[in-house]
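A, B and C label the chains in the order they appear, each numbered from 1.
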Amino acid sequence: MAVETLLQVKEITKSFGGVQAILRVNLELERGDILGIIGPNGSGKTTMVNLITGFVKPDSGEVLFKGKTITGKPPHKIADLGVTRTFQVMRPYYSLPAFKNLIVPLNSPRIRRTAGGKLGDKDGVAIDILEEIGFERDAYVPYKIASSLPLGYLKRLELARCLALKPEVIICDEIFSGLSMSEISTMIPVIERLQMDGITIIMIEHRLRELFRLVNRIIVLNFGQKLAEGKPEEVMAKPEVKEAYLGTGAGYVGS
Amino acid sequence: MPNEQLTSRERRRERLDRGIKVRTEGLYALSSWKEMFYLLAPRIVLILGLLVAPFLLDMYWQRVLCAAGIYALLALSFDFLAAYVGLVCLGGSFFIGSGAYISGLLNAKMGWAPFLTIPIATVVGAIVSTLVLLPCLRLRGIYFAITSFMFPLLTVNVIIALNIFGGTEGISALATYPNPWVDQYLILSVVIVSLFTLRRLVNEDMGLILRSIKDNDQAVKASGISILSYKIKAVFIASLIGCFGGAYLSHLYGWVGISQFSLDFSILPIAATVMGGMGTLVGPVIGALILTPLSEALRGFGQLRVVLYCLILIGFIVYKPEGLMNYLQRKYHQFEHWEDV
Amino acid sequence: MDILIYGTVNSVIFALVAVGFTLVYGVSRLPNFAHGALYVLVGFLTWSLVNDFKVFYPLAILISLGISALLGALIYRLILIRLRGLPTSEIIASFAVGLIILEGLRLQGIGGFKGFIGPFYVLPAFIDSKLRIAGVLIDAQRLILIGGGLCVVAALWLFTHYTKTGLSLRAIAQDEQAAMMLGIDSDRAAVISLSIGSALAGLAAVIILPLGNVTAEAGYRVLINALAVCIIGGLGSWAGAVLASFVLGFAMIISTALFGSVWESVVLVGAIILILIFRPSGLLGKQKELEERV
């Protein structure tokens, strides 16, 4: 399969009031890539997600998807093209049963187009997706009201809602945060399988060890700027990255 | 209860769900006609009650029933928008006003009969209301409430100021219905049909998407769905219901005037909804059927009725926010008994 | 020149009416829909105290302002405190309180109460004279109004920047969670903001009402004007509210001068719709507020 540049971010910049959230960041993703974005708190990781998915409009710069610009498009149009995301602060539809949460993406124009007007048994499709992602059908987990589900399932529900859209790019915003080790270890195979299905993934993450098991390339953000890019172990060995993570406190101790 | 403390036997009230609910809401497993009847009985009572009511009432109260029907429609549309889409529309009278004025104008200027003007006014009125609310649809929560609240009041000002549509006098001598039976059964059947259509709708896919928008609109956007288009559809549906009420009203009284934009049409439906139970759809209808006669009985006291239903409203919203319907439903679906601990 | 002076007067009227509403919303995120009702209530209370109970005019004003502040606190303590965080219920409940006050003022025949209906209720002007400024005849009350408006805004600014209570209100407004962790009681701040806001509604009433009659219907208009100012200026933004007051005040006077007074409400509606379409955050609204709104 020919390698194809799927998503490209060019010199993107955004400031909120006086705060420079993102400054001239570039990144490039090929189809099937899995990229990690890491950085200390407030380094602009979530803003990056918002910029790519259209939830925040950039001050300057461009986002290209399959060579066409998607900057300035509303979020639902970008999702319609196949770039979707999870939310750091989880946002399930609390008042609905878990499987009904997927009815929303299953009704999107994108799915309608691909299904050619015939959608069939949406509830069935929804439950299948949930089962695939680890909702035990036999234990009736997919039928439970979303507000009654524990955190681990909610994170998966977030991911399932993206999957239901049959996306080409998924951006996971801190999908491991707040999960226990055992919950994470059940999530990792799910993400590996997505990657094998050919979905391009960007993972924003704080849990580095788990992240490095999944990704082969990472980008480090600090104060909105790209600090480093490359293989995880190479990047983490760089002194500027160490400093960003340990803070200038390291220098302070040294002196 | 003092007796219990004396007997030193501790008891608690145990509640048991009747065993016909299956895991999710609205899905039942029925094993006998008795259970079927048990489920359908409240619905049958409501429908039959509404249909039989005209025979039991005298002329005056038949009129009140018609008015209650209009308020019930407004309450339905308020509840639908507030509980299922998250749009709190304080300007319900705008629906009534636009429906009423359109059918009134068509009848007075073009001479068309009510059976023509009502459907046209319903649809055109809904289009007008949707267009007027369109700029505010992007707003959330209190911002939408504020702007929707201002529109009917400002429309009145505009009508008076420009002296259009008959100005303060309104338009009178419109065609009325041939007999009181048409009066009542027209509105009652529309109330019943809209109630059950809406109940169906909110559990269909469209309703699920609307509820999702209310829960969390960002995620709906991330799912590739334009929330604006769904909000427009929802407002259109709600204003269809409201504008029918207005169009019907204009021919009921044979008169259209600025009082159809008055606060009564905005506040009573809200009171009815809160009293009946937000989000139940049936509750608001029942609330309207209780509140309208009550306010009618107090008509002699002038403004006292507004004060009274505001008091009821506050009482319910503060002390019984679940509303009558949720309370009754819970009681109906559960066995309760005292049990020794 | 006419336009300049009367435009300023009109703008200050808008600002006075809106500042209380903005304060309450800015501090505690409570939309006080009873604002217009409190305004009218203070008008009638003062009238009643002066004419029925023969109270000295300035004292009457003070008493009714006190009652208004007390009512604001009561509205929070008895009703809104149970509804915090439920915007729908907050709006409905405070609106209902407003209706009770407004319609209650119009009640007739209960306990010999005649109800405040008709154009008979006029508050006396503070100083009854007219002046001529730059060739324009203007009565002293309007000048007092401009001065009063400036004083109110200045006093509020000083209060929120230099007193402990004022600073704690601003802290709550900026970040409720963090402020609570620093020991600022959110409920207490809400009570204070509501009573100040209600007193401000009353203050606006006693300054503005001598220009015309006191009628219950004015309550709705006042509420609409306050809301319009807040939407156009950006809810909770004070500078925005003042700016919006001037925009609306002058727009109305200019449209009246050009087309006649009937177009006033059309201008109001038009301004709101334009703002909603082109700048949904309001004139001085911030990004954060925009996210809240859209």
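Keep this in mind: contacts are C-beta pairs under 8 Å (C-beta built on N, C-alpha and C of every residue); 3 or more make two chains touch, one makes a residue touch a chain.
Please read all numbers here as calculations on a predicted model, not as lab measurements.
Asker: Hopping along touching chains only, can you work out the least number of steps from chain B to chain C?
Answerer: 1
Asker: Could you name the chain whose CA centroid falls nearest to the centroid of all protein CA atoms?
Answerer: Taking the mean of C-alpha atoms per chain, the most central one is B.
Asker: Given the contact rule stated at the top, which pair of chains has the most C-beta pairs in contact?
Answerer: B-C
Asker: In whole angstrom, what separates the CA-based centres of chain B and chain C?
Answerer: 32
Asker: Can you check how far apart chain A and chain C are, centre to centre, with Cα atoms defining each centre and the answer in Å?
Answerer: 46
Asker: Take the average of all CA coordinates in chain A, do the same for chain B, and state the distance between these two points in whole angstrom.
Answerer: 42
Asker: Which part of chain B faces chain C closely enough to touch in the complex?
Answerer: 82, 88, 90, 135-136, 138-143, 145-147, 149-151, 153-154, 157-158, 161-162, 263, 267, 270-271, 274, 278, 301-304, 306-307, 310-311, 313-314, 317-318, 321
Asker: Looking at the complex, which residues from chain A come into contact with chain B?
Answerer: Spelled out, the residues of chain A in touch with chain B are 53, 55, 74-76, 79-80, 84-85, 87, 91-97, 100-101, 103-105, 107-110, 122, 140, 143-145, 161-162, 164-165.
Asker: Under the touch definition given earlier, write down the residues of chain C that touch chain B in their complex.
Answerer: Chain C residues touching chain B: 31, 79, 82-83, 87-93, 95-97, 99-100, 103-104, 106-110, 115, 220, 224, 227-228, 230-231, 235, 261-266, 268-269, 272-273, 276-277, 280, 292-294.
Asker: In their complex, what parts of chain B are in touch with chain A?
Answerer: For this pair, the touching residues of chain B are 23-25, 205, 208-209, 211-212, 215-216, 218-227.
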